[in-house]
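Paired with chain B in one complex and with chain C in the other, chain A is shared by the two complexes that follow.
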Partner chain A sequence: MSAATTAPEVVARTRRHDLLGRQGGVGTVLLSLIVATAAYGFFFLPDGAGKKRVGQPYEAPSGAHPLGTDDLGRDLLNQLLVGAGTSLTLAFIVAAVTTVLAAIIGGLAGIGPRWLSATIMRGIDVMLVLPELVLFILAATFLGQSFGIRAAILALILWPVPARVLRAAVLTTWSRAHVEAARAMGAGQAWLLARHASYLLGPLLVPVFVRTAMRVIIYDATLSFLGLGDPTMPSWGTTLYWVQVNGVFLSDAWLWWAGPPGLAITLTVVALALIGTSIEDRLNPNLQESR
Partner chain B sequence: MTLSVQDITVKYGGRLAVDHIDLEVADGEVAAIVGESGCGKTSLAHALVGLLPPNAEVSGRGVLRSDRHPALDLGALKDWRGIRGRRIGIVPQGAMSGLSPIHRVETQLREMLTLHEGSSEPTDLLERVGLSAGELPSYPYQLSGGQRQRVAIALSLAGDPDLLIADEPTTGLDAVVQGKVLKLISSLGISTLIVSHDMTGLLPYADRIAVMYAGRLAEVVPVTALHHGRHHPYTAGLLAATPSTDRSATWASIPGGAPAIGELPTGCCFAPRCPIAAEECHTEQPLLRVVGESEVACHRMDVANTATYPAVPRATSACGSPVLTMTGIRHTYRSRSRTTIALDGVDLEVGRGEIIGLVGESGSGKSTLARIALGLIRPTAGRVRLGDDEVTGARGQRLRALQRRVGFVHQDPYDSLHPGMKVWSLIAEPLVIARVPRGERAAKVRAALASAGLPDSLLDGFPGQLSGGQRQRVAIARSLVNDPELVVADEASSMLDVSTRGGIATTLRSVATERGLAVVFVTHDMGEAIQSCDRIVVLRHGKVVDAGTCSQISSSPDHEYTAQLLAASHH
Partner chain C sequence: MQFQGRKFATSSVAVLALILSACGGGGAAPTQPGAGKDTAESVTIAIASDEGTLTPFTNQTGYPGNNLVKLIFDTLAVVEGDEVVGLLAEEIETEDNQTYSLPLREGVTWHDGEELTADDIVFSVEFHRDNAEGDSAVDVSMIEDVSANGSTVTMVLDQPDPEFPRMVLADMAILPEHLWAGVKKVGEAGTDLAIGTGPYVLDNYDNASGYTLTANPDYALGEVKVDTIEVAIIPEESTQFAALRTGEIDISTRIVPPQQLEQLQSESNIGIVEGTEYAATLLLFNNGRPPFDDPAVRRALTQAIDTEDLVDTALLGSGTLGSPGFIHPASPMAAGDSGSPYDVDAANAALDELGAKPGSDGVRVLDGEPMSYELLVQSTSTDRLRSAELIREMLSEVGVEVKISSMESDSLDAKVWPDYDVAQGRNYDMSMWGWSAPVMLSSGLIAQLLYSDPVKGPLNVVGFSDPDTDAALDALTSEETLDGRIAAAADLEGQVAEQAPWVTLYYRDGAYAFRSDTYSGWTWQDGKSALHGFSLVDYDL
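Moving on to the complex of A and B:
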């Protein structure tokens, strides 16, 4: 028995030191670079960068405009840098809101009274059968395109899956012996959550956050590409929208016009996916076993 | 000789787990390696079949002989194909839950027969393990635990092996079934090596027993010689620590705990716990030598018969006014397709200073009853009263206030202590929850710790640094700290080693006497209940089948089922 009990503890210790692994490390470095770029765009570029006309339309890359200019003579590099800020801010805000929503709703479904749990779960089931993207497009069309509304719509669409995951985790946690022992001591739900469940549930929120951020980047780019974003606000998806509107794919310009934002979206999603899967691999006990 | 183990040593990263073991298994003999957790018995068995994890280093020889095959050195073997399954049959630990849940018994048997080119038919294999051909089309979930274990044994016989190695073949089975499975293994006529922690359970079925302690052999003894002659103090201790169903026999416990691997003391490993240890025991390692019919590794064999261990005390005072009264408790679990009746009209009364044994096998409803008493489960019908207060209708604040008057010791000492809390905060938790003023906490924690038999020095440690027995004592201290009227101990000793179980029972008895506590002691072990309780209630399928004082139950059980339980745990 002692061998059996010491082994997982040793594993737990090595796991803590190596939360990300090589895969997650690569993802973190990538994401830090992208965030740094976004920060540069936010803090160091002048107001209106990427929005104002600075050159001739359809300029090819040159020393003054490393990625050339678009149909209105706006600098494409500036658009890319400012767009990074828009996309990442939206991603992180929505991810944070979704995680909190999922935690509250999933937690209520886990430990709340039976009728509440059943209602929430059936509600989630209904949400899950709705096609997310179509819902998102429809909502964006009718409710407007401002940043706040897009964030709200995304958060409302994305919470059901993580809420389900967290409800399962809450149920598992609540059946642990030390939680049961504390319940038998007459501890209230708040105490159980704060003292006994937080260390088991907290780590699960990290992959929820990262995965949501990843999906937000994709959905937001999709929406902007379809012209449902804010066309005056530079973002990766908006740039791609103008690419499509101007038929840039017929000329060589797609290389410096469509290529960079496409690559940026891909890299961000890959970085988040690398971090998300490697953290989840290490924190999810079910995946732990199969490793 | 089917198997002769010569000088086998197993190390994990330099830490010694098995230390130069020599052991032989004769043709057709049922030999057993017995020892408590962490003694190296499973490492030894795994070394013999090449199943150790990659960080283990093995040295030594294990020679497997038979009339049908050339002799084979298992120690030097690299390629195990054709060996495991064909020369050595393996019944792994937890084999009965290792059956494929989605294949029929017949398919699984055929797979083994094809794999090991066995010549028998699935029907023959089932017949050998005492199952009828009617079980062939069954899925494992349709079989009982005992039947599944029989199928697992049939699987290991598919390759017609010369040697059978069974690792803890009775774990997870009810007492009555355990005997039947062991009887089956011993009647197969194959040379068998059983690895087990339950020495007394093996006695009727094994031929020879090798007792291991801290990676070394303490004694190798023919079963027939076990109850007379001189023995290693540890063997004697194990025998005394197994609770007998005979109320007149004393039940003892070995003080202290087994050393961890890599922290073996010099000299005899058992010396720190041995009642007759002398100076040389602490300096010089004893070697196995022949004493009577057995081989014993002990310096003090001349005085071995004087070794005595602390006995578990009995009740001294009569019990007082009732603390817990449960009347007409009924509970049903409802799932979509069916309703299971867990409890069906159970009455229970526990008085001050009294220990009630709640005995039953798995599925008898004993844990449900304990949780109803704790207010964790609301019964479908019936009343629960704690002192003069009604528990049944209580909710929210009022229920939690009642729960603070009851202590709970969970079955699993490894999961019931929050791994990130220090022992101090673990024990103080009920006080924090009950909002006991900060100034009073320290004294209460120390008093509870002393009652549970732990030194103050542990207060700053984390539960990860404690042994199973110490963890359970921390759980007992936690249940006592808020001066409860009632303590519910749910299988509190079932996950602990035999040698430490008596210690937990002693502690429970002393707190019941000193603090005038009522204790509900839930257990599946009839012997333990008879030894440590005042009254026993036997549950079966949610009904009370027998109730009475321990001596009544042990000498003249009213119900046939009680008699069966007694017979199953009678050694």
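Moving on to the complex of A and C:
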């Protein structure tokens, strides 16, 4: 990263001004492109794009259908564009809900009474022991596959890790000299949080959000690929599910059928990872101090 | 009942074979005559899951479990092509379809060397009556009296039943009295009880790796063509077909997915045996919920659905168009080809006439409600998912909006057929559905689909109710001859087409792939697909 500086405080400050760095910048550009694509699919494509048949089944790429058509004769490029919207919407909704959940629960565990903290932490330990993907597959099998249910399941399964991180951050913040001083002078919890801790804790929510979004993209694609998503709703994972059902990997069609959604998933995850790690590098007090 | 019949997996395949024998022509002919390999030392069959100890009470599925059991246990009769012919019985004699006289063949022995007697048959009937358990339970309750006189068995039914030879004689496994007489819990029968008179002897069983069956050296009814059958358990469909390609297995008991059919066909050492499966795929309307309680609405929606397009696109052509009267055109009960009712203009005109005017978003409004309905579909059935998507598109052409809800099949069953009891009602607008072949092929089961009274119509999952149809059903089930039933079934088909309680979309074709370089004697038998005695034995009947 940036050149070594003598005083850690200064390092932190310069890093905070340059929140993203080069790798974060690359990630942001990538993500913006993907979001723009999704927005195009959402706002400019006609209703039912990717769901309506427009050609013969199994068409190879052509001028009219740059990525060919699927087994029903529907445009694969449209499905990719519409699928971007589905995948990103799910990712951002779940990430927002998870971040809020993690902040509340992690915060309570950090500053709440000891019994509450212990209960929450042991609960989190239990949840961490359970394999997420298996849990997710079970829940999706029994609870249903609609968009709302999938979002709820993901949010409920993904909050423990960030909650733990945020609790640690709250504890660190609470032991800072200026917070202790304020507390000694009789400041209440709410005041401490609003006036003295929020500027330290708030930015930490950004990497939590970004990392959760990244995991949602992967999990959702995994589930859809296994047929546990909604196989009638265009999304990247759904396209890959139908690729597998139709045995497309045995023919050349994988190149334009499986390749683009696979690449899209990879690029999105890479973009989010770049942003997430670079922000976290700069904001997480633990990481800073270990330098 | 979903997916080839859950409850009806009970004896579904075997019963099906029985019922089916009268099915004229529909795929009964063996395809892909084996070039060369008429016999083999060893053949490996892949099945998807463990089938227990392979006694008639412990197999887990109708197909392929019951098929394997029937290689070990013979039946009195067997369906050959379109005919029911005697197997253990030399012939089936009846004057009135009520009293059946069955002289047994001589020289038949059990796998342990004991001789088969007429008393074994009497014992078997009584044992099946007392122990109607397991996936493939046979209903023998209509047999009022069974007696043995020398080597002839006589069965008297409570009323004439022309379908009895198919339904019972060709499905009921005959048990050795000297081994089974003391058995109390049939569900726990071990491999030591898997002793029949059939062409194969169960040699080895391991619930993880599978079974070894060896040819019965003393088989009296014909010549066994394959010396050893290894049955391998391979759960994953794709793994089975990969194993078939490498020659690890010699036949897969799973239907080849239409998408892979062409590719497998093009491989030189792989053969395909094809035929009609007789299971029907339907689009159900909840007849109890407006506007589906109006036959005119149901008819109009039926006219909007292009079943030919579904077969061509979702099944890639490997299926038969649904008959408006439900019964498969190749079935003996079929009234003949009445053609597809598909006609978009007529559908639009009918909806206009009902007063359903298109709203601002193009969706019609009927009686103040937008014509927008939920369509349930099983998320694990790829052809039904694709069909549901196509139906959504077809109905949008006539101004009806469809919202697809894909769900796990148990959840779907709970909405369409809660607790498998139609008296509990139902909670859906439209749903994709399937009935297994026996349901279509037995007049008694067809009646159960349509009777408005839940007691007489335990399969009426659409909540259909129509007095004229009830009368047609009474006429059908009281007919005492097969010809009479066929004529009555034709009337019924007309009623069903007129009332459109559901849309019969298509019947999938069966296609099974085997290694022709190992053994190519596999033939198609309706209701049993390729895994049955005629594929493995040169019968001398």
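Here, the second predicted complex is superposed on the first by the 276 of 291 C-alpha atoms of A that agree within 3 Å, B and C clash if a C-alpha of one lies under 4 Å from a C-alpha of the other, contacts with A are read in each partner's own complex, and residues count from 1 in each chain.
As a working rule, a contact is a pair of C-beta atoms (placed from the backbone, for glycine too) under 8 Å apart; a residue touches a chain by one contact, two chains touch by 3 or more.
Computed from a prediction, not measured in an experiment: that's the story for all the values here.
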item	value
Contacts of A:G227 with chain B and chain C, given as first, second, both or neither	second
First, second, both or neither for A:A184, with chain B first and chain C second	first
First, second, both or neither for A:V129, with chain B first and chain C second	neither
First (chain B), second (chain C), both or neither touched by A:D71	second
Contact residues common to both interfaces of chain A (with chain B and with chain C)	none
Residue numbers on chain A that touch chain C, as the complex places them	48, 51-53, 57, 71-73, 141-142, 144-146, 227-228, 230-232, 245-247, 250
Chain B to chain A touching residues, read off their complex	17, 37-38, 42-43, 258, 260-261, 374-376, 399-404, 406, 408, 410-412, 414-421, 429-430, 433-434, 464, 467-468, 475, 478, 482, 488, 495, 497
Residues of chain A touching chain B in the complex	1-5, 9, 176-178, 180-188, 191, 195-196, 199
Footprint of chain A on chain C - complex, ascending	257, 259-260, 263, 313-314, 377, 379-380, 382, 385-386, 388-390, 392-393, 396, 404-408, 411
